[in-house]
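Next up, some structures in structure tokens.
One chain, chain A, links the two complexes that follow: it is found with chain B in the first and with chain C in the second.
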Partner chain A sequence: MSFVKNARFLAARGARLAQSRAYSDEMKLTFAAANQTFYDAAVVRQIDVPSFSGAFGILAKHVPTLAVLKPGVVQVVDNDGKTTKYFVSSGSVTVNEDSSVQVLAEEAHNVADIDVAEARQLLSKYQSQLSSAGDDKAKAEAAIAVEVAEALVKAAE
Partner chain B sequence: MTNAWRAAGITYIQYSNIAARVLREALRTELRTDAAKRNASHVKFTPWANGRPAPRQAQSES
Partner chain C sequence: MMMQRTTLLLPMAIEATMLAQQQRGMATLKTISMRLKSVKNIQKITQSMKMVSAAKYARAERDLKAARPYGIGAQQFFEKTEIVPDEKAEPKKLFIAVTSDRGLCGAVHTGVARLIRGEMATEHANTKIFCVGDKSRAILARLYGKNILMVANEIGRLPPTFLDASKIAHEVLNTGYEYTEGKIVYNKFRSVVSYQCSTLPIYGGPTVEKSEKLATYDSLDSDVIKSYLEFSLASLIFYTMKEGACSEQSSRMTAMDNASKNAGEMIDKLTLTFNRTRQAVITRELIEIISGAAALT
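Let's look at the complex of A and B:
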């Protein structure tokens, strides 16, 4: 008796799992940073993200993925085909089985909010900091800043 | 990973902090001041004794 009960329970659970694992045709994006929430489970068409394993685009039914964000431009194409560009400092991107996507950044801003002249100044400032850095750690820190400043200039131009 | 910063003993969290700071510095002037406030994080400690917060510490921190 209890075996039958268990089997029924397991079968019901299996059916539910199979249902919840169905790939969705819609992609729901949650894109947030410490400073602002840009999308909260909003349906979008495509997302391009820069990551340490290379930049990649995400469409609905993408294979589940985890990646670490690299400083660069996240591009979001909404359902009307409108593209919006954001600059992310760093963070993570999660693509789930149900086609929901989470992009979580430490700091993110619309590319239009970047001051190109300021970014260029920062680039040269950190380049000189890199060449005058004494120890390995200071050198590595300056190199990160140069990398980010280069990405900023490229994104804002 | 073969990153130079990782070899120098910098973690991704530290990398992330630097990247976020540089992004804040590159914002348009009207946004920069407000963004700079996020460069520092503040932690407030309140020690508890006998199920109540110790008042002296709480006052000195506020």
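Let's look at the complex of A and C:
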């Protein structure tokens, strides 16, 4: 008798566990920049981010990690398979234990909004700034600007 | 500015009343009308200040709405890792007071300063303050002048940007003061009529590295953690500045509305006194004329 009861209890518990695990299969993405918020705890399928330790994709149940964003393209795949690309200049990525992901960028824009010609102009402007930079600090700043502009041109193309 | 003006005005006012007592009737009328005029001017100023801050508030609220998910996202990591400061090591605290340069906005800045003062009262040997905005410095410098690490001013004229925040974060990290834990003290905006003085915790790199929960996070080195913390400090400051700016504008709006109302009441009272005095002067002149005429006949 008690055995049957136990079994029933276990079955119920298993079902509940499975349910709760199904819940955490969802990945909640917060993708925000100082200028705009793109996703606020929205459920998505996959996110690809460029980081200084290499670009990587994040799916649900990804191991918790921290990363620093590199200038480049963040790609978000919605649950219905639609892909959206955003250009980010810099920022941070946090993947938490509960499968929530925070992508915070200093500035982010939809790739479709970028004007290729203007991005190229920016790149040449900063390249000339880099070659004419006097001290180390100005040089480093110009080098960062060139890196961002290069990524911008690449994203726009 | 206001203080200077009152000290300047006071001797003048006393002189005027003395003159008024000498010449009686007419001069009192004159002083009342002068005061009436100045109160009316002040009301005009407070009214226009209210209009200006209403416009600024609308923008600040819109900005805040966009920045809130960003700020909440930036806090997530600290909430989920449950970092506790190392008890063995000597605690070095840092307070970042987020205020602005501008006054006339109720208790927004004093609230922030009061919270810090309360914390400093218990322990202030190993604590430093970073003032964002002149107002917090003005209030805190008197008691804890030696604890102030740095002051950032020219805050509040324009809406805060991420560049401002990153400059402040840069300076916080460049001062050479290696804090183990700290708090950002700011006003959290709730609605047009309410805000709450709140704090956000911040931690130094070594404190985060020693945290137990950090072991669950994959592939971390101290470089990544350092960059991550630097960026999250800038994000948190950006978010708190947005909250602070919105609270400040809404509070200024209410303060100026109240000031206009008070000025209105004063104008009503003064107008009444003015009319009554004028009537008294006329009556007295009539009596003088009549009794003079009566004496002649």
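FYI, the second predicted complex is superposed on the first by the 134 of 157 C-alpha atoms of A that agree within 3 Å, B and C clash if a C-alpha of one lies under 4 Å from a C-alpha of the other, contacts with A are read in each partner's own complex, and residues count from 1 in each chain.
Methods note: a residue touches a chain if its C-beta (ideal position, glycine included) is under 8 Å from a C-beta of that chain, and two chains touch if they have at least 3 such contacts.
Here the structure is a predicted model, which means the values were calculated and not measured.
Judged by the touch definition given at the top, the superposed model places A:34 against both chain B and chain C. In the overlay built on the shared chain, the residue A:64 is in contact with chain C alone; chain B does not reach it. Using the contact criterion defined above for the overlaid structures, shared-chain residue A:87 touches chain B, although it does not reach chain C. When both complexes are overlaid on chain A, the residue A:119 reaches chain B alone and has no touch with chain C.
Of the two partner chains placed by superposition, A:150 touches none, neither chain B nor chain C. When the shared chain is aligned, chain C comes close enough to touch A:100, but chain B does not. Residue contacts after overlaying the shared chain place A:48 against neither chain B nor chain C. Overlap of the chain B and chain C interfaces on chain A: residues 34-35, 52, 68, 90-91, 106-107.
Per the touch definition, chain C reaches chain A in the complex via residues 66-70, 72-74, 76-77, 80, 161-162, 166, 216-220, 224-225, 227-228, 231-232, 235, 238. The touching residues of chain B, when paired with chain A in their complex, are 1, 4-5, 7-10, 12, 15-20, 22-29, 31-32, 35, 38. On chain A, the positions that touch chain C within their shared complex are 30, 32-37, 40-41, 52-53, 63-68, 90-92, 94, 96-98, 100, 102-104, 106-107.
Taken together, the chain A residues at the contact with chain B in this complex read 34-35, 52, 68, 71, 87, 89-91, 106-107, 109, 113-115, 118-119, 122, 126, 136-137, 139-141, 143-145, 148-149, 152, 156.
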